[in-house]
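In the two assemblies presented below, chain A is common to both, partnered first by chain B and then by chain C.
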Partner chain A sequence: MSIFECRNLTKCYNNLVAINNIDLSIESGQIVGLLGPNGSGKTTLIKLANGLLKPTEGEILIDGHKPGIMTKSKVAYLPDRDFLPDYMSVQQLVRFYGDFYSDMDFNKAGEMLKSLNIPHGMRLKKMSKGTKEKIQLILTMSRNAQIYFLDEPIAGVDPAAREYILKTIISNYCPDSAVIISTHLIADVEAVLDDVIFLMNGEVVMHSQAEAIREKESKSIDGLFREVFRC
Partner chain B sequence: MLGKLLKYEFRAVGRILLPVYGVYLVSYIIFNYVMFESDAFGGAAKATSTVFFAMMVTTVSVVTLVLIIQRFYKNLLGDEGYLMFTLPVSTGAHIFNKILCGSAMICFGLVVATISIGIFIGTDSGFIYLFNAIGDGLGKAVEEIGLLHVLVLILETIVLAVGLCAVIVSKIYAAIAIGHMWTKHRVLGAVGAYIGMSIVESICMDLLVELGEVSWINDIFKGTTVCQGTAQTETGMLLLIIMVLIPVAIYWFISYKVLDKRLNLQ
Partner chain C sequence: MEWIFEEGIPIYTQIVRQLKLQIANGTYAPGEKMPTVRELAIDAGVNPNTMQRAFAELERDRLLYSVRTIGRYVTEEKEILNGLKKNMSNRFINELFVNLKKLGMDEEEIKAAVKEWKTEEEI
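So, the complex of A and B:
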């Protein structure tokens, strides 16, 4: 059974169609790139998967279930913004995650935080933007979730931080789970992708294995992306 | 999960509210002490203390109200909503958590205001006089209606007070939730919804009063006002509590439906 499935999924905001009749199926054990230009529907799709939006038509399934309390305990989500309460310290946030998610791995969190050399009592509001993003990622990846949705995890950070983030993702996700990374910075992530989904105007224009694209098109995913989405 | 939500909500609110109330109480005690102990103020002490009390209570009430609104907006409908609504917790529990905590905040404010009045009377007439008066009042009540009935009435009064606070908070949250359905001018939408709900609430109250005048409900209400009998008073209080909880349930349901079906975090 697919860990993530969309059936005739449509999402409209008033008259604007953000997701247009998408059919999609993703299996566990792979890192999937959800690629597309701004406004292509990547964030909307991820929000729908997390139950933050309700579909206008069709359905979205996580491990065979519609988004709800049960699926939320299986999904680890990193939004594209600062979403953590900034008055809380790192230690308090780790405890918060542990209180609500039974799959929180405190050892994993401790190891990752150790590498950052951040005092555990330090409040989020006193951290730089890059450090905050790393903390958010660490908390997300510390869970032994069945599926990870990472929305623009490398946008807005310097190349060194990007490297750290990608290394953290690769070395910490559960091998039998799926990781879905939404980004438009293809060149930075393409080396880690197993599968690629191209979204344009709310529609899936390509869903293929990364290796197959490189062999068939004789070009990198970044090169193909630039060709497909040329203005 | 509700218990865990409450734990974090009380912590978030307490870190702001406890220092505010603490500063208020300490400054009020010092102010009263200086006013009543110094002969320079003479008869103006009482009036000045009352004005200071009114100013401080207004300030603290505004802070509490702003905090109640801000917690809902920021924690559920702002960026933090991305964290809260992806926790394995139902939307209903989130709203219930906010209503409970908001009501507790107002109740806590009422307790602080009551303590302030106690400080005022105590500083003016002596704390021994105050404690004796409270003790005498309670003793007389126990003598007349019995300890159990006094305890039941105190408990019912507390529950009723919490219920009334919950009406205020749940109405504010329902209005914010309705305002959230707008894509633009959400605050304006919330204000409009609050006014609309207040009008409906007022009409319902009028209808209820009319209904009460022609039926058995009136007898029970009379019991609460003129103390026709302890049992009748207790029943009347119980009925009032139920009646107060009905709008809370309605406002909770409105917030739940909107946030569950129409949530759209920006």
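So, the complex of A and C:
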């Protein structure tokens, strides 16, 4: 059974169709890129998977279950904006996550934080944007979840921070879980991806293996993306 | 080492090529234990499944062999290693000929040019 599945999934905001009749299936052990221009439905799809939005039609399943209290124990979610109380220190945040999620792995968090070289007592609001993004990612990846949704994890950070974030994702790879990364910064992430999904106007226009695209099209994913979404 | 990937070519084939070069030139010496898939994937910044695929191809070519639960090692078989070197040098020479023929040189001219060739320091 797929860890993530959409069947005839549709989401409308009043008259706007954000997700239009999507069928999608993702297996464990994959790092998948959810790629599309702004407004193509990436964040809406991720919010549906997390139960923050309800489908207008069709269904979305995490390990066979509709998003709800049960699936929150299997899904680790990194939103595309600041979402943590910024008065908290790193140490408090790690405990905070431990209180919420039984799959929080304190050793993993400790290892990753050690490599960042920041004092554990430092408060979130004192940190630079890049460091904040790294902390948010570390908290998300410290869980032993079955599926990770990372919404724009590298947007707005410098190239060195991008590399750190991507290497953190690679080093946490586990064959028993799936990672879904939404981004429009394709050139930066493409080497990390097994599969790519192109979203356009709320529809899946392509779902393919990254290596197969390079082989068949003799193009990078970034190159193909620019072609498909040329204005 | 620095990993550089070209666009529009499967990443695993590029990894295979770079690792073959490092096995041929002894960066990974005969009998040496290879880093794990995860270590090399992190180092290269690529998907671990891609690195795994590259390793599988090197194993199929018998350049690497795996010892269950311990890890992967570079082959110590001279024949295989010599074959690899021969293969790669042939490919480089072939590229040289292809490029120089594009310049309008024929084989005799190329061979003569190679004989007269000096490194930049010598010039």
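The criterion applied here is as follows: the second predicted complex is superposed on the first by the 230 of 231 C-alpha atoms of A that agree within 3 Å, B and C clash if a C-alpha of one lies under 4 Å from a C-alpha of the other, contacts with A are read in each partner's own complex, and residues count from 1 in each chain.
Basically, contacts are C-beta pairs under 8 Å (C-beta built on N, C-alpha and C of every residue); 3 or more make two chains touch, one makes a residue touch a chain.
All of these numbers come straight from a predicted model, not from anything done at the bench.
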Please work out whether A:Ala191 is in contact with chain B alone, chain C alone, both, or neither, and reply first, second, both or neither.
second
Which superposed partner A:Phe96 touches (first chain B, second chain C, both, neither):
first
Examine A:Glu217 and indicate which partner it touches, taking first as chain B and second as chain C; both and neither are also allowed.
second
Regarding the shared-chain residue A:Gly51, is it in contact with chain B (first), chain C (second), both, or neither?
first
Does chain B (first) or chain C (second) touch A:Phe229, or do both, or does neither?
neither
Using the superposition on chain A described above, determine whether A:Phe83 touches chain B (first), chain C (second), both, or neither.
first
Considering only touches as defined above, state whether A:Ile170 meets chain B (first), chain C (second), both or neither.
second
Of all residues in chain C, those that touch chain A in their complex
5, 7-12, 38, 41-42, 44-50, 53
Per the contact definition, I'd like the list of chain B residues that touch chain A in the complex.
1, 4, 7-8, 12, 15, 75, 79-83, 85-90, 183, 261-265
Sites on chain A touched by chain B in the complex
13-14, 47, 50-54, 69-70, 72-73, 75, 77, 79, 81-85, 87, 96, 99-101
Within their complex, state which residues of chain A touch chain C.
29-31, 163, 166-167, 170-171, 173, 191-194, 210-211, 214-215, 217-220, 222-223
